[in-house]
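In structure tokens below, several structures.
Each of the next two complexes has subunit A plus one other chain: subunit B in the first, subunit C in the second.
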Partner chain A sequence: MKHLLISDPTLRDGSHAVQHQLSLENILFYAEYAEKVGIPILEVGHGNGLGASSLQLGQSLVSDSELLENCRLKLTNTKLGIHVIPGFATIHKDLKNALDIGVDVIRVASHCTEADITKRHIEYCRQHDREAYGVLMMSHMVSAAVLVEQAQKMESYGAQAIIIMDSAGALLPSDVYEKISNLVQNLNIPVGFHAHNNLGMAIANSLEAIRAGATILDGTLRGFGAGAGNAQLEVLVAVLHKMGFDTGIDLYQLLDFADLAERTFITTPHINSVSVISGLNGVFSGFAKPVERIAKEYNVDPKDIFFELGQRKVIAGQEDFILEIALSLSQKGLNISE
Partner chain B sequence: MNRSKKLKVAILGSGNIGTDLLVKIMRSDYLECTYFVGRNEESHGIQRAKNLGVRTSTNSIDTLIEHADSYDLVFDATSATGHIIHAPILKALGKMVIDLTPSNIGEMCIPAVNIDSCIHLDNINLVTCGGQASIPLVYAIAQTQKDIQYIEVISSISSKSAGPATRHNLDEYIETTENAIRKFSGCDEVKTIINLNPAEPCIDMQTTIMAIVANPDIVKLQQFLDHTVAYIQKYVPGYQLIMTPTVENGRLIIMVKVKGRGDYLPQYAGNLDIINCAAIAIAEEYAQKKVERGAFI
Partner chain C sequence: MKHLLISDPTLRDGSHAVQHQLSLENILFYAEYAEKVGIPILEVGHGNGLGASSLQLGQSLVSDSELLENCRLKLTNTKLGIHVIPGFATIHKDLKNALDIGVDVIRVASHCTEADITKRHIEYCRQHDREAYGVLMMSHMVSAAVLVEQAQKMESYGAQAIIIMDSAGALLPSDVYEKISNLVQNLNIPVGFHAHNNLGMAIANSLEAIRAGATILDGTLRGFGAGAGNAQLEVLVAVLHKMGFDTGIDLYQLLDFADLAERTFITTPHINSVSVISGLNGVFSGFAKPVERIAKEYNVDPKDIFFELGQRKVIAGQEDFILEIALSLSQKGLNISE
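Entry: the complex of A and B
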């Protein structure tokens, strides 16, 4: 039976869905169950990763240190993972501390064309004998050839796997196949895929990634994640098992856990009209909540904001553009009629 | 002022920053570049300087030691590690130094904020590009608001304007900018974020300040900003306020855009232009002060 590595960023991507307000109590409840059902990697933190708590992206209810120290105590077989974007988190201020606390897997991410900014962070993790992956976000914005070139840079810095993120939920299965198969052919390290569900493709795209040779998949419980959410973990695991793959996860316990988590704190995302426009325009899923709030405040159509964000090719981290765009739409009189 | 009365300056470093500085100096009424010094004869910067009729050398700092009588001020546009070596040498030679690297050696200077208290010093540091764009706004908040709890600076620049050194030094960029925000605001809780955006056509540099202030006095802040922005525009013509102080979700927000002059670097490289414009503004001020003191013949 072929083994696939599942990484669970429910507590990281899901953080976007609640504007980074997950309580420590809920986080620890989740970590305890993740260990019990056999989740291989549990990724935690602010939606934009380590050191990203900010006015720009939303301030976290629980600090990085408090979160990591407490999760560390709950996990033994499940590895503790984090997402790190250079430009938000520095080695000296953030990464050193996370490694000191005992994080196992560090996924160092950049926009899909900017891999060279991950060099020092990846090298630092490797020098300290930790597992380091390279992550390319917003992968719909470039061709397979560019992704290969960028992923090869990360490989040369010491990345032990490459994760391709469909951060906007904009890819179709054929795009995923083309991108992932090119990467698999041109890299000597495993390739993984992280889906978003804006166009309802999260599970289908994940399967397509496997068909193209990916061996790592991200999934979140009930799909709890930014915007329209991610590949729904318990569905993904069920489908993979049905296809004859081994994940090491106990499906029935996972299903019970999903019901319990939904009753406790997880809100199940759904694909609303704004999610579809966001996906079609290729805008970062993490923009959903701030766009929703600001559109309401300035009485403009969130779809118009997403359209303009897409036109400007805005990337993750440029949330300040939302307000500027909303203000200018409102000044142009493009308000929603009462 | 005739040519012989201009302040003699040398540029150390023949990369993009050094070459753009040269183009700006060629236009200056107060400065004359008497030496353009790099390490690589084939570099585009050295060739450009030759075409402009400026004396060049590829022996880097050694040339400046050997020909110490040919200049009074040096712009160091090499690297932080380079400036750590150059600073004591230039100090011993008694030269005024404007440091464009994040070496953290000289006093941090933002012309719109503290040029008067820096101009007599022999080593002036220009912080970072994000610092040059944001600190005047941070200072405006500090001067007009009470009870500032937190300040954050977010900059987006075009990927093409960020060379290998910038990319390798993002952590230093963040930490240096944060130190400057603390220094000029007196607020300890600060954060800096930088985004590289690869969109084509290239985006202009955009910098946003977000702050938590107990009871923001928008009128007072706007008045202060009007003066600040007008002052900056004198040395950085492409600096514009694109969002006046706005309170949203408990955040006080100001946003500026910096379009470059397009001298040697393209217009979208406003981030590089603003730090060079600041360097020229300081050098010209220094030159004028020297004239007033009758230091020139």
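Entry: the complex of A and C
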């Protein structure tokens, strides 16, 4: 039976879905169950990762330190993971602090063409004997060859795995197969895939990544995550077990946990029309909440904002464009009431 | 550009989701928009089809006659379709009445091994110059060879297309490919596919059906349908257009319509733990609502009922088993509170 490594970013990608307002109580409830059902890696934090809590990106209800210190106490077999985007997370303040608290797995992420910026963060983690992965976001925007070149840089910095994110939920299974198989052939470290469900493909794309040679998959409970959400963890585990893979997770306990978490604090995303436009036009899923808010404020159609964000190829961190586009659409009179 | 025929059973499969209580007002609102956005076939009726309104299966709020007469008035370019299971729908009362009202497409359905029972209904429709399809339900329960044999019978009765239903949402893409490609190779009429989303595969399985040669796909707005729902129509159309297929549907109008319908009466299903167990064990999605109700009444876990229904290979129409299983689980003391 072939083993797959499941990493669970419910408490990190799901932060986007609640504008980073997860309570410590709910986080610790989740961490306790994650340990019980056998989740291998639990990733926690602000939707945009360590150090990203800010006025522009949204302030977390719980600070990084409080979050990590408390989660650290709950986890023994489950590894504690974080998402780190250099630029938001400084090395000598944020990253050092997280390592001091005892984080196990650090996933250092950049836009799919910016691997260079991850060098010092990855090296720092490796010098301090922690597991460090390289993460390439918005992977639909470049070819398989560019992803290979960027991933090879991360490997050379010491990354122990590469995770490819379909941040906009824009990939179809054939795209996933091409990208992942090229990476698997050209790297000496494991490859993983992080799906979004904008086009209803999160589970299918995850399976296709496995078929192409990936051995790490991200999934979130009920799909809780930015925009249309992620690969739904309990569905992913059910299908993988049905196909004969081993994940080390107890499926029946996971299903009970999912029901309980949904009754407690997990909201279940669904694919609305804005998600479809976001997926079709390749726009970052994390923009869903701010676009919704700003569209209402300026009385413009959120679908038009997403379409325009796609035209301009705006990426995470460029949230200012949302306001600018809404303003310009509203001045053109392209508002909802027409 | 290759054309695909989309059939929309939102107002029929979605009836399961609201225990057949769709109001005439909502139905007509939907029919009007379906015509406007260019839906080729709109299928309406009780979840279990024509004549199925009953105490055991749930009574429809709107009678077949009232429904069909009113929809007939709204539709010009969009064809009016019905789902017909012989046994529920008699020929000389139900079917004759529907044909008299002017139904365009009659989809005569049976369990995947019972094509024989569709003979007289299909022949009757063809004698009266109507389009008649054969539908094989619960297709995961038999091999590709059996489906071919059953579909060939329907073809010999005069069926003008064969629709394969994954009623339990139990199929994986490789299963779909095998089943559909065998049918396409061995029939002289078009083949279609009707997905359910229990394992998150509704869109991916629909695409796989196309790749295997299918030319007809079912999809429902927001996935509104039994259990975990169907292939989400607006997502399916978006992906098909992205892949270069033509459906004749205006995607942007469809997205607006989906938003509006959701604000009005469409509930969006999601994959809960019961759906996963139903998909894994191959149990009919239409059982979700009655199982939920009976589980609550007998204080047993609905997942245990679904598991047991799967063990006993219970099929649609055998609703009596739900009560029997709940009673037996409750007597064994396997209730939720433990």
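Note that in this section the second predicted complex is superposed on the first by the 337 of 338 C-alpha atoms of A that agree within 3 Å, B and C clash if a C-alpha of one lies under 4 Å from a C-alpha of the other, contacts with A are read in each partner's own complex, and residues count from 1 in each chain.
Everything below uses one rule, namely that a residue touches a chain if its C-beta (ideal position, glycine included) is under 8 Å from a C-beta of that chain, and two chains touch if they have at least 3 such contacts.
It should be emphasised that the depicted structure is a prediction, and the values quoted were computed from it without experimental measurement.
When both complexes are overlaid on chain A, the residue A:H92 reaches subunit B alone and has no touch with subunit C. Of the two partner chains, subunit B is the only one touched by A:I315; subunit C is not. Contacts of A:N186 after superposition: neither subunit B nor subunit C is touched.
Touch criterion not met for A:N70: it reaches neither subunit B nor subunit C. In the superposition on chain A, contact of A:Q19 is made with neither subunit B nor subunit C.
When the two complexes are overlaid on their common chain A, residue A:Q56 makes contact with subunit B while staying clear of subunit C. Legend: residue contacts after superposition of the two complexes on their common chain; A:Q160 is shown touching neither subunit B nor subunit C. Under the contact criterion defined above, no residue of subunit A touches both subunit B in one complex and subunit C in the other. Interface residues of subunit B, counted against subunit A in their complex, comprise 150, 152, 154, 156, 159, 164, 167-168, 170-171, 174-175, 191, 193-199, 203, 206, 208, 210-212, 242-243, 246, 248-249, 251, 253, 255. Of all the residues in subunit C, the ones that touch subunit A in their complex are 172-173, 199-204, 207, 222, 231-232, 234-236, 238-239, 242-243, 252, 255-256, 258-259, 262, 268, 270-273, 276-277, 279-280, 303.
Taken in their complex, subunit A has these residues touching subunit B: 54-56, 86-88, 90-93, 111, 113-114, 116-117, 119-120, 141, 293-294, 297, 312-315, 317-318, 320-321, 323-324, 327.
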